[in-house]
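Got a structure for you, written out below as structure tokens; questions coming shortly.
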């Protein structure tokens, strides 16, 4: 036996799903089993990685022994760990859900793509240089587009196409920025870049390009145009995946770049981001409230929630690491909650055959578990205690009020109220008196429980903050000392 | 004006051209082509950057990047084309449709 | 005064026994509950000692006691109840189901008032007595007539306002015993008594009740008058306070009552009303003596004890008259005085509605109400006007707010 | 870990765990569900009893759980919190019995009782909260747990009520959140401390503190139904009677009032609040609420709506007692927390009985109902006299202390407000009694259900009678040891008199 501390957990996180993806592709009959087993192993691996990180601090690994700048470096700190954990948690639920969701033909496509996506995501979170981030981002994007289109149908294909164009545009813009940075500093390694960076027009141009590309992929208002269509038209587990993980992946890159490269440069940019975030909150929530279809509602809610992540930027300079902790926490809880909502919405859609909100009551009442999942996840989205969303929002609001950003604080509060409005618009149907005739339960239990467990997890996050923050502090990703 | 700068400017020009085309054209094939043009622009820029070293030997890193990038772009284009065909079959034309199914 | 346990227990039994019997299930086990209920009180009357008992945990530390002066009142009460019980046994079929409960509650309240040694206790028993007497008035009839209802309703209004006044007086005196001699306190207590005993100008409820009373109710109506007068004696620190103005006011009221009652009495009143005027006349004299006592405390100290036998005597006379009285003819809608009161009422309620102009609901309801009032006044139906809850209370609240605003 | 840590947790768990299990139970498992409910309620009462004993003897109960690096979830049992905990756990037991009777045979009972338990869990947690953030957490939980109960009937009216309720309470919660965070940024702590924790704050922040106070009171006032934030309460009367009882007596409205007590005493501190000059306006708001609620109640024909407006008025007594800012008034206000609960729950139970047994919903249909349902109406009568403030029912004691407190602080005009309220209470309650006892029934009852010789089902009859007796007893035996009054005096002594 190799001592567990010597297992290269980080590399395993990438290689395992990659190998499994190939296996699934080659051997479609084993797809489901492979998928499930891989997911479980991945969970284990993240656990091992966390343990390793906690013991040894920062994780750095040069693939194949090639050192930077030529080789591919892996890098892991608390933030990466959080993202990995998030991926695994959501991934577990999606795996559980997808097991019964897809028919045989779809499953043959789904599992390899899904595992590939996992591999790409894990690689993204462990990448140490901006070029590798590009590659992984592109991989993630392509796999996701394929998944959106998986089920076919006009909406899905259109959504997928739109998504593909947006994602390609975003990543090319990002790549251009990478090129500019490389031109100036001769490296793509984040750590080296951080040392060399200075205030020059090229950096500004790079910031602009990379930022624009990433914001497009993150769907920050007003670059969110592609998101509702894509997220709403995809099959339920894919929607969950998109909203929960993919948007976060590009945000993660943006955050990383911001933290190491751009934060010292841009005060006004931060303010602009904050304002865009604020508008996103209001616009997204308002649009969500106006939707008549459930999945669109949830998708617009994502637009709004992304706004919250960006509201933090103008506050960060004065608030320090704790604020970023809050943002990460918000990201995590939104991922869990939004995935739960999409899965639950998928169940309702499957059961009712439609997702028109006004006619949902029959489905809502026949599927109490899914409804409960939707409602619980909604609690976290609203930022009502006790939930992960509340913790994140608390930290954001605290910083906003402390620094006198009353407008931002007000927007966040109003956003919460709007969120409660659109969530209860749906949940309210659980209590109407409908003339439901008993009919066979056609939703497999696994699908219902996947949603519920995620939702419960997003609530439980309300109680685990100090513990998570301690892990987040590993490697000091946000600077300014560990919390 | 040295060669590298020229290449770089051309690269950026291509990128802008592609961006413009991507936004303006409705036909999906044109959009895909536009993206490819944008990609080419970026690659051109990267290759030009390889000459930035003082030594006669070019910097290998941008080359590696471009090769990787090309691989990615090829894959993306393939996916895009497939998707386009299917979208065209659904929409009866190779353009995006704004109407929802319902 | 002695304070020994068996006697203390007896005091509590006197009050508690009727309360216990008031529960229908208990009463059903006992024949002749009416008589049994006053038995402990009778026993107490026969024990010639003064004693008291205080329970520190009851309410705000309430006690009961008995002394020589209050024996007069106790005796009166026992007499009234004995008469009532006899009368009731003579005509058993007229008592509807549930009436006994009100009887016994009223009895308990009365006995408690007589024996309460502190004001909170007194007030509590007074409330008990007041509300159950209201029930009794209504349920005393096998088929309550409209006239009875009106009488009872106006009694209720007086009762509520009087209780409020007493409560505020109680608060004042409990907060600061010095307040006890303040004019505000004196007037509040007197006002309450005027309302409760049906003294002029609040005589209308007594008048209306007597007019429609059955022989039994006629007996019972002596009770609130006696108890209210008794309350006056218990609550005013007579002999220790010298307040000419308050005394004069009371004297004027008393004088007006006496004159008014006398004038109405000689005016060939309706059958039933004669008793009311008689009662008003008598209580006028009692009040007058209290007024004199306020003006000249020394006189009160000298002769004040005579007032208890006086009250008892008045009660006995009233009872006699009530017993001898023939049953009433069909109650007629005779006119009533105090039209000015009704007019004021209308003016105020329409004013209140205008004040509430923004408050459309009230405004509309109020206009309608005012119109009804107008009609009512034309029919000279004062009782109906008074029992108009919404206007009365709205007016009161508005006045209260205005007053509060002025005070601050 | 010792009992001082476990006991508060167990008190919370004793309703949380049955609640969660009940959610999972199938609709037909009536017996198991009833058993769980009753066991949970009894267990909670026993645990609360143990805590009462402990706190009385100086024991300290506290649990801390880190929520954020500097913020903790604190559950602490002090005398004040136990007052509320005891009230809600006793009334929960009674209400559970009532609800079991009331909902017999109706659909969705698992859901109902699940949320019912959650609601009580939130209330108890809110009572035990040791700092503002804990309070906020349970406050919001309460909002969420009550919403399904209000919507339970599923009719269009109840959907509307639920919507209105949410609008008010979510907005209130948001205000509270902002205020709490702001406070936190100014003071750096949120821990409830006797005499408050704010007097050390620099004078330049005083305007901010005044705004915070207003925000806090506005946030709490929504639940406490202070005018003009009371709009949801009369709407919410479409809910089933046990829910109304819960809203008005056990949980929601009381949570707001309790929060106001906490804010004034344990966050700002009476002296500091007086220094800031914020108690005066609060007194005025409370006074206006008292009179306005009663005035509106006069014009309601729907029995439950009338009761709801009456609650608006009565709960403001608590606020009033707190805002007067003197120890005697504080006793009055706090003891009214319990007294109003007992009386109002009785009234709502009775209203529910009338609706359930005879189909009566309106005051105008109540003629002669006293003869048909004497026990119910007797309980109702006790409640009514308590509301009016007639001795010896509990309301008298509250009014007595409030009046004394007002005099003590030279606010004599409040006596007039109290008098007006009593008068109005009489004006809108006594006609009901008159109709019920002294009028002949005007026809057959709207929807009569036959219960044989009994006037109604046992589970429906017993709770109002018990609470009526309790209301009578706490008034009659006010000065006995271990009555609410005695306990409140203990609280005031311990926490507010230095």
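Labels for the chains are A, B, C and D, by order of writing; each one numbers its residues from 1.
The definition used in the following text is that a residue touches a chain if its C-beta (ideal position, glycine included) is under 8 Å from a C-beta of that chain, and two chains touch if they have at least 3 such contacts.
On a predicted model such as this, the values are computed, not experimentally measured, just so you know.
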(message) Tell me the fewest steps from subunit A to subunit B, where a step is a jump to a chain it touches.
(response) 1
(request) Could you tell me which chains make contact with subunit B and subunit C both? (result) none
(request) Tell me which of C-D and A-D has more C-beta pairs in contact. (result) C-D
(request) Compare the CA centroid of subunit D with every other chain's and tell me the farthest one. (result) B
(request) Between subunit A and subunit C, tell me the centre distance in angstrom, where each centre is the average of that chain's C-alpha atoms. (result) 78
(request) Could you grab the centroid distance between subunit C and subunit D? Build each centroid from C-alpha atoms only and quote it in angstrom. (result) 36
(request) Averaged over CA atoms, how far is the centre of subunit B from the centre of subunit D? Could you give it in whole Å? (result) 67
(message) I'd like to verify one number: the distance from the centre of subunit A to the centre of subunit D, where each centre is the average of its C-alpha atoms, in whole angstrom.
(response) 42
(message) Per the touch rule above, enumerate the chain pairs that touch, sorted by label.
(response) A-B, A-D, C-D
(request) Report the residues of subunit A in contact with subunit D in the complex, numbered from low to high. (result) 322, 368, 372, 379, 382, 384-386, 390-391, 394-395, 397-398, 401-402, 409, 413-414, 416-417, 420, 424, 428, 430-434, 462-463, 465-466, 469, 483
(request) Can you check the complex and tell me which residues of subunit B touch subunit A? (result) 8, 12, 15, 19, 22, 28, 31, 35, 38-39, 41-42, 45-46, 49, 52, 59-62, 64-65, 68-69, 72, 75-76, 79-80, 83-84, 86-87, 90-91, 96-97, 100-102
(request) Please give the residue numbers of subunit D that touch subunit A in the complex, ascending. (result) 23, 65-69, 73, 111, 133, 136-137, 140-141, 143-144, 147-148, 151-155, 158-159, 162-163, 166, 170-171, 173-174, 177-178, 181-182, 184-185
(request) Give every residue of subunit D touching subunit C within the complex, in rising order. (result) 291, 294-295, 298-299, 371, 374, 385, 388-392, 396-397, 399-400, 403-404, 407-408, 412-413, 415-417, 419-420, 422-424, 426-428, 430-431, 434, 437-438, 475-481
(request) Can you check the complex and tell me which residues of subunit C touch subunit D? (result) 56-61, 97-98, 120, 123-124, 127, 131, 135, 138-139, 144, 149, 153, 156, 160-161, 163-164, 167-168, 171-172, 174-176, 361-362, 365, 389-390, 392-394, 396-397, 400-401, 403-404, 407-408
